[in-house]
Amino acid sequence: MLGNRKKYIVNGNSGIKAQIQFADQKQEFNKRPTKIGRRSLSRSISQSSTDSYSSAASYTDSSDDETSPRDKQQKNSKGSSDFCVKNIKQAEFGRREIEIAEQEMPALMALRKRAQGEKPLAGAKIVGCTHITAQTAFPVFAWKGESEDDFWWCIDRCVNVEGWQPNMILDDGGDLTHWIYKKYPNMFKKIKGIVEESVTGVHRLYQLSKAGKLCVPAMNVNDSVTKQKFDNLYCCRESILDGLKRTTDMMFGGKQVVVCGYGEVGKGCCAALKAMGSIVYVTEIDPICALQACMDGFRLVKLNEVIRQVDIVITCTGNKNVVTREHLDRMKNSCIVCNMGHSNTEIDVASLRTPELTWERVRSQVDHVIWPDGKRIVLLAEGRLLNLSCSTVPTFVLSITATTQALALIELYNAPEGRYKQDVYLLPKKMDEYVASLHLPTFDAHLTELTDEQAKYLGLNKNGPFKPNYYRY
Amino acid sequence: MLGNRKKYIVNGNSGIKAQIQFADQKQEFNKRPTKIGRRSLSRSISQSSTDSYSSAASYTDSSDDETSPRDKQQKNSKGSSDFCVKNIKQAEFGRREIEIAEQEMPALMALRKRAQGEKPLAGAKIVGCTHITAQTAFPVFAWKGESEDDFWWCIDRCVNVEGWQPNMILDDGGDLTHWIYKKYPNMFKKIKGIVEESVTGVHRLYQLSKAGKLCVPAMNVNDSVTKQKFDNLYCCRESILDGLKRTTDMMFGGKQVVVCGYGEVGKGCCAALKAMGSIVYVTEIDPICALQACMDGFRLVKLNEVIRQVDIVITCTGNKNVVTREHLDRMKNSCIVCNMGHSNTEIDVASLRTPELTWERVRSQVDHVIWPDGKRIVLLAEGRLLNLSCSTVPTFVLSITATTQALALIELYNAPEGRYKQDVYLLPKKMDEYVASLHLPTFDAHLTELTDEQAKYLGLNKNGPFKPNYYRY
Amino acid sequence: MLGNRKKYIVNGNSGIKAQIQFADQKQEFNKRPTKIGRRSLSRSISQSSTDSYSSAASYTDSSDDETSPRDKQQKNSKGSSDFCVKNIKQAEFGRREIEIAEQEMPALMALRKRAQGEKPLAGAKIVGCTHITAQTAFPVFAWKGESEDDFWWCIDRCVNVEGWQPNMILDDGGDLTHWIYKKYPNMFKKIKGIVEESVTGVHRLYQLSKAGKLCVPAMNVNDSVTKQKFDNLYCCRESILDGLKRTTDMMFGGKQVVVCGYGEVGKGCCAALKAMGSIVYVTEIDPICALQACMDGFRLVKLNEVIRQVDIVITCTGNKNVVTREHLDRMKNSCIVCNMGHSNTEIDVASLRTPELTWERVRSQVDHVIWPDGKRIVLLAEGRLLNLSCSTVPTFVLSITATTQALALIELYNAPEGRYKQDVYLLPKKMDEYVASLHLPTFDAHLTELTDEQAKYLGLNKNGPFKPNYYRY
Amino acid sequence: MLGNRKKYIVNGNSGIKAQIQFADQKQEFNKRPTKIGRRSLSRSISQSSTDSYSSAASYTDSSDDETSPRDKQQKNSKGSSDFCVKNIKQAEFGRREIEIAEQEMPALMALRKRAQGEKPLAGAKIVGCTHITAQTAFPVFAWKGESEDDFWWCIDRCVNVEGWQPNMILDDGGDLTHWIYKKYPNMFKKIKGIVEESVTGVHRLYQLSKAGKLCVPAMNVNDSVTKQKFDNLYCCRESILDGLKRTTDMMFGGKQVVVCGYGEVGKGCCAALKAMGSIVYVTEIDPICALQACMDGFRLVKLNEVIRQVDIVITCTGNKNVVTREHLDRMKNSCIVCNMGHSNTEIDVASLRTPELTWERVRSQVDHVIWPDGKRIVLLAEGRLLNLSCSTVPTFVLSITATTQALALIELYNAPEGRYKQDVYLLPKKMDEYVASLHLPTFDAHLTELTDEQAKYLGLNKNGPFKPNYYRY
């Protein structure tokens, strides 16, 4: 993408991680798909965008095709077989999807254009593992419905390539990094850095660093300002409404809702529901976030205080067992329960798998769990992420993430010796600001420039960075 | 429903009008389904709720069944053949849907319970024609995909029944009323009144009245306060977001939107989009509504002023050619155009059917119209109602409407001679208030009662009505 | 104003009613000031705007001047003595205030300009009685601190004028109308109509009409759409915050507030406080307004349910004894109690005048009422209107009212014989729309005009009226 | 306060800095007042709260008393003369104000109660210099109307005390620290740390640190999370409305406003004005904040683009010459210009002091600047901070600040050797969280506690801190 390869986006199997590759004499970006198995995603992509095309696609995709992609012999138009997908014949359909997505990702396209001149990743050999959507494309190792074994097989096929060895890692969840640590530790000698975008993956990296086992620099792009705000606050403000509406067709006005957790995700959910006329209660463990909830006009309660009266329970904590069986027992009939946090353990769904309760699947992603007295709880996505399962992630958000990742790769790859040690770093603020500035034209937004006099007065460089590192936005 | 029949709801073919019937020795409610053909609906029901069940339903419904329902011989479980639907075997599935809907319509159920004692419609023989959804059920004459001819055939089968003659009309759009005027004018001798719920139907009634041709009392329930607020303001506040999201997966934050018309529908759309972070412009012809838009924080513009810069154009006017080809020519690439008003003429879609423009169906309800220079306009639902085509009407809103209709029927049927003349009436305010009060328990809302002293001070009856007729809420 | 006299505005004694007069050979507008005494105002003007100038004014106004204006001999610059104010020497200061106000009332100025050509009130002799503010000026009979007796004396001096008899009445509260009914009933023979702008005055007129005693047409401008929205919804949305802040310096964020009544005033208060981060509860007697509160995101409660926990109690009902001593006894320490409704009886303040409670005036308009156990209630404006006593009415709102009054006078004065009978009328919708349109330029708002084709399609005149009379906005 | 002295708050001269002292055998807190002269305050306290009492106070305060407090001989009730105020006879009035303030600062009182047992500041000798308000009291060196010379004299009187030497510094603006550096550098040998709360003071400390000249640990409490949010976002959200209303009585609905700067202050201003129905434009130099403005629904523009059309210009940048004479020349008639940022240089007021422009003081804090063609600009507070000059800082915000300062003092005073070096530190997150938790009871807010299992899962201590240092809230 940033060397002389134009695309890095594939065939639209959503909810799937992919090892990405670029193979080129100048610069390589190894990208191949694989499934995430049963692990929880920090925040991901729903099936909707591809599902929308399901009728169009169906005539090429006979549902009774039971052959594993691993057993198929496929070639792309250039004769290459270095990929593994369900059906390479859909490549043309995928190409059109890619082109539509490109139109909606002008910032990424602007970056690509600039990179075509500067070739900041010339010589880079990148192996990646991330989610595959209509917006992220290239021949990869990935298909919908991978088994756990398939998942690791795909990863291995990307890493263990005859005559090719990566010098950069682009990871999302830490599985790829984990695999190389476990199977090919010597590979790290040539690797200049890891770019990791997920909560879970970042957590693993900090643990490695703490234990003194991190052997290359790593960049935590999960916590870059721009990505955080879009992945969490702005995205969830919209997807909570979308997810609830698509699954339940409910009306928000007048509904009583409790939102567990007032981090960025919780803030987004609360703001949206309040705006739609819901009455929102908040639970928190952190007194600072709790005080924010108060000042934003939400009653701060313990879950027990309101559990009998609310119409909707939404978890946004990143914690486990926030909604317990005891809570579920006390909810009123028709109460909707869903999860917007980062794991599938926030609601103790396992506790509902008991003989006295009846599960009834009323539509895709919607279960009624029925108590002996007839009370029904409406459980969405079986407690997995609502916005992963029942909504979509807008292209714009993916553009923010992809631009951030690309800049992190460029920074790590081009950093002079010694700038980064064997530690975990946040994206330099100036690059964070650059990601933002690339996305402003979408809104026809006009930035003001400091005069020399003003820059001097403020003690700032006219081109940024504009804020101290501890600034909270 | 209000006599001794329990159900008046059918099999879940949405977007369809139905003639409703109750046939009972005490009280009859003749209800049969028919298609609306190509006429525009003032505000209606989407396909989503039934579509959600399509996978469940598909195994019983072979899509290659080309036999017209009119040619089928079907019997319900009680041996009756006085209906015409696609597949009576789905009755059981429909029954379950009805039961779920009942849970979500407690106000209507409360009214039914009360009516079971009082039997306010004993002796009533009601023929009706309205939209059929998961929430409105009973053996009817209706199926999805009716032709214009089918539509009128269904109406006729409901009206022209051997040994049965209606004494009340429940209409939605005025087609049923029109048919009886045209074919069976003598029937009006026994008819005690018409209840009409649509803009179009009410308009026709006022014209009949003006022309001195209205021969029975009619009640305009379209303009009852409670129904208006829910059908328009509250419902559209949610469905504009839902409709846009389901069709385009777009992000609302930062988008520039122009909303044409600041009536109740426009107010709902503007409030929702503003809350989601869109920048909203408004156009209006009425200076009072225009001033309201200003005070609510929207720039009041002519469409021409902003047409080049906006990302979304939404019409909510009830007018025609609000968005012309000239406007469409000037929109920027990827601009989304949709209609939330009451007709399909607000956007001049016909003007886009010219050779130099290419239409590309990118998914259900979404067309890209492509200009010779490559510019694409995203047209939703071909200019028909977005919330009809791409969103759903919540059960709660249907409950408001159904309760209003039922009370209007009761009022007209039981009114003493002379209370209503051959004219069009609004629902008495006290009944409007009663509809509202029946729906308050859903929100666990507790109404305050006037003390005797207070009622006297205000010059009000403690049980209402509480406001003068010109009160605007 | 609308004939050939330019000003109808006086010297800035706020919170005072005035009899307005214009005396001119072509057209007369008799306007003289008088105090409102102890009666409650429906909605009025605070002292702030004049108070702001008190230091500037103080050197001309020796506070020890105890002479009643009635005993002073004063002449204006033209030698006339047909007025009674505190100090005519402040006329120049008043003139400057008038000029500033004119700048902020462009709609009224536009109307005046048009009237200077058309002279629609030529021949009119108008006697008026209304509130005097910085925005309403002319030599009048009015001063701050009038006694009840002064008030009626001033009225009489305006009505009972040698060689001059009014033919139009402009009233606000009905006192002037009442006085003429009582003292000079024969005067009505020449009077063409009454324009009344207050709730109370309108109520009296409807009673007169009901009793068959109304002997001239009267126009209820209180209930014109534009005036209502500005006087209540838009004005109170701002003045509730202003009134609370000026008196208590409190922070709104996180505060629990109960608003009694969800009419236009209550809606404005609730919207503002919610936006500032307060948690708002609502009480209502009318189920329709109650349902609106629910859909707007407010818990509908009985006052008893929340009285122990709230930080602020606001009444907006128009009712009496909404907050009783029992409620006051149960409020928590430091609870703030105030009234935004139309009477001073909403809070049972009299019940607090008991020996065991101590009253402490902590600043202007703020009393601490202290219970034996030390609990303090913060009572604002002694239960009178908060926005009358502790906030201001923006010039823009006064402009709306004055324009509405002027158009009502013009309509009644010029109406052909028989258009208006001895009854109470609402302002014709077209004039209501005209008031709105005159105020749009302030917001640089651009109205769209119907094409001929569209007007025909809608069955409307291109110049309005645009809505049926029952339209609720 | 936190040893065995109960009060640290004085007589209510607002807008004044004070040197605070406690003198006690166990623990000392030296606190004396002084004026800030012409330097800019980062964020401060208005005169309103005391002004409200001006009439009450006036009879004791003869305005013609021209004797400087420095020349007066005064004694407090205990016979001490170690203070310098305008009139010690008002001590009783001040005492009552203190008691009212205490009721509104329960968090601070809770901390005091705890400290009375633990005596965490036993032995501390604190010299302080900060703003004096009704909420911050004790015999001090401070009066309203100090000259520059008075200001430094007061500081010196606090520092240079016979037989007493401070071991802690509590500063606000850095003047006290500067004075000791300059005059008594040896004093730092005994000083255990500096607590600084202002932007300016913190900036100076970082410069000292960078230059290697900081000789004791310093704590930057300005950037503690809780204080930042309240000082800026929450406080300004309310004070922008209050400041504009008190000075201009304007209506917000429909007004076009441009807010320069979208930091916390700008975010607060924008949110409030948007909620009141204003149309808000934003200017920014930082692309991240700019993108936030877009997503929050504000058009991002350069000031030039909208300067001709806006009704209000508000600066919130901390920068200089943001509004230039060129901008002022292009504003429309009656445009209001004000500053909410941290300096008085944001608006180039000096550029308006030219002969062709006429200044007219229309009321306190409001100037009309009149162009030769009659155009008037309404300049508030002569470009100084609007919320300092024309609004108030709620007690709750002062409580947050005071609690933060007290905890910072305790932390620095009790920290084990080596924890803090000669550098600038942020308040430890756990203490920041403690400040927040102390303020939750005000809102009847109930915090959730982690279970042991949850704490383990999250890798957190159950008592916090709950977030990594880079968390942005």
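Chains here go by letter, A, B, C and D, matching the order in which they are written, and residues are numbered from 1 within each.
By definition in this document, a contact is a pair of C-beta atoms (placed from the backbone, for glycine too) under 8 Å apart; a residue touches a chain by one contact, two chains touch by 3 or more.
Labels paired with UniProt names: A, B, C, D = Adenosylhomocysteinase like 2.
Keep in mind that what you see is a predicted model, and the values were worked out from it rather than measured.
Colleague: Comparing A-D against C-D, which pair counts more contacting C-beta pairs?
Modeller: Most C-beta pairs in contact, of the two: A-D.
Colleague: Among the chains here, which has the CA centroid at the largest distance from chain A's centroid?
Modeller: When every chain centre is compared against chain A, the largest gap points to C.
Colleague: So, what's the distance in Å between the C-alpha centres of chain C and chain A?
Modeller: The separation of the two C-alpha centroids amounts to 57 Å.
Colleague: How big is the gap, in whole Å, between where the Cα atoms of chain A centre and where those of chain D centre?
Modeller: The mean C-alpha positions of chain A and chain D differ by 41 Å.
Colleague: Hunt down the residues of chain B that sit against at least two other chains at once, touch-wise.
Modeller: In chain B, the residues touching two or more other chains are 234, 253-254, 276-277, 294-295, 299, 443, 445.
Colleague: Chain D touches which residues of chain B in the complex?
Modeller: 253-254, 274, 276-279, 294-299
Colleague: Taking the touch rule as given, give the residues of chain C at its contact with chain B in the complex, in rising order.
Modeller: On the chain C side, the touching residues are 223, 225-226, 228-229, 234, 283-295, 299-303, 305, 318-321, 426, 432-434, 436-437, 439-440, 443, 445-451, 453-454, 457-458, 464, 466-467, 469-470, 472-473.
Colleague: Where on chain B does chain A make contact in their complex?
Modeller: The contact residues of chain B facing chain A are 48-49, 52-53, 55-56, 100, 103-104, 234-235, 237-238, 241-242, 245-246, 249-256, 271-272, 275-277, 309, 333-334, 362-364, 391-392, 394-397, 442-445.
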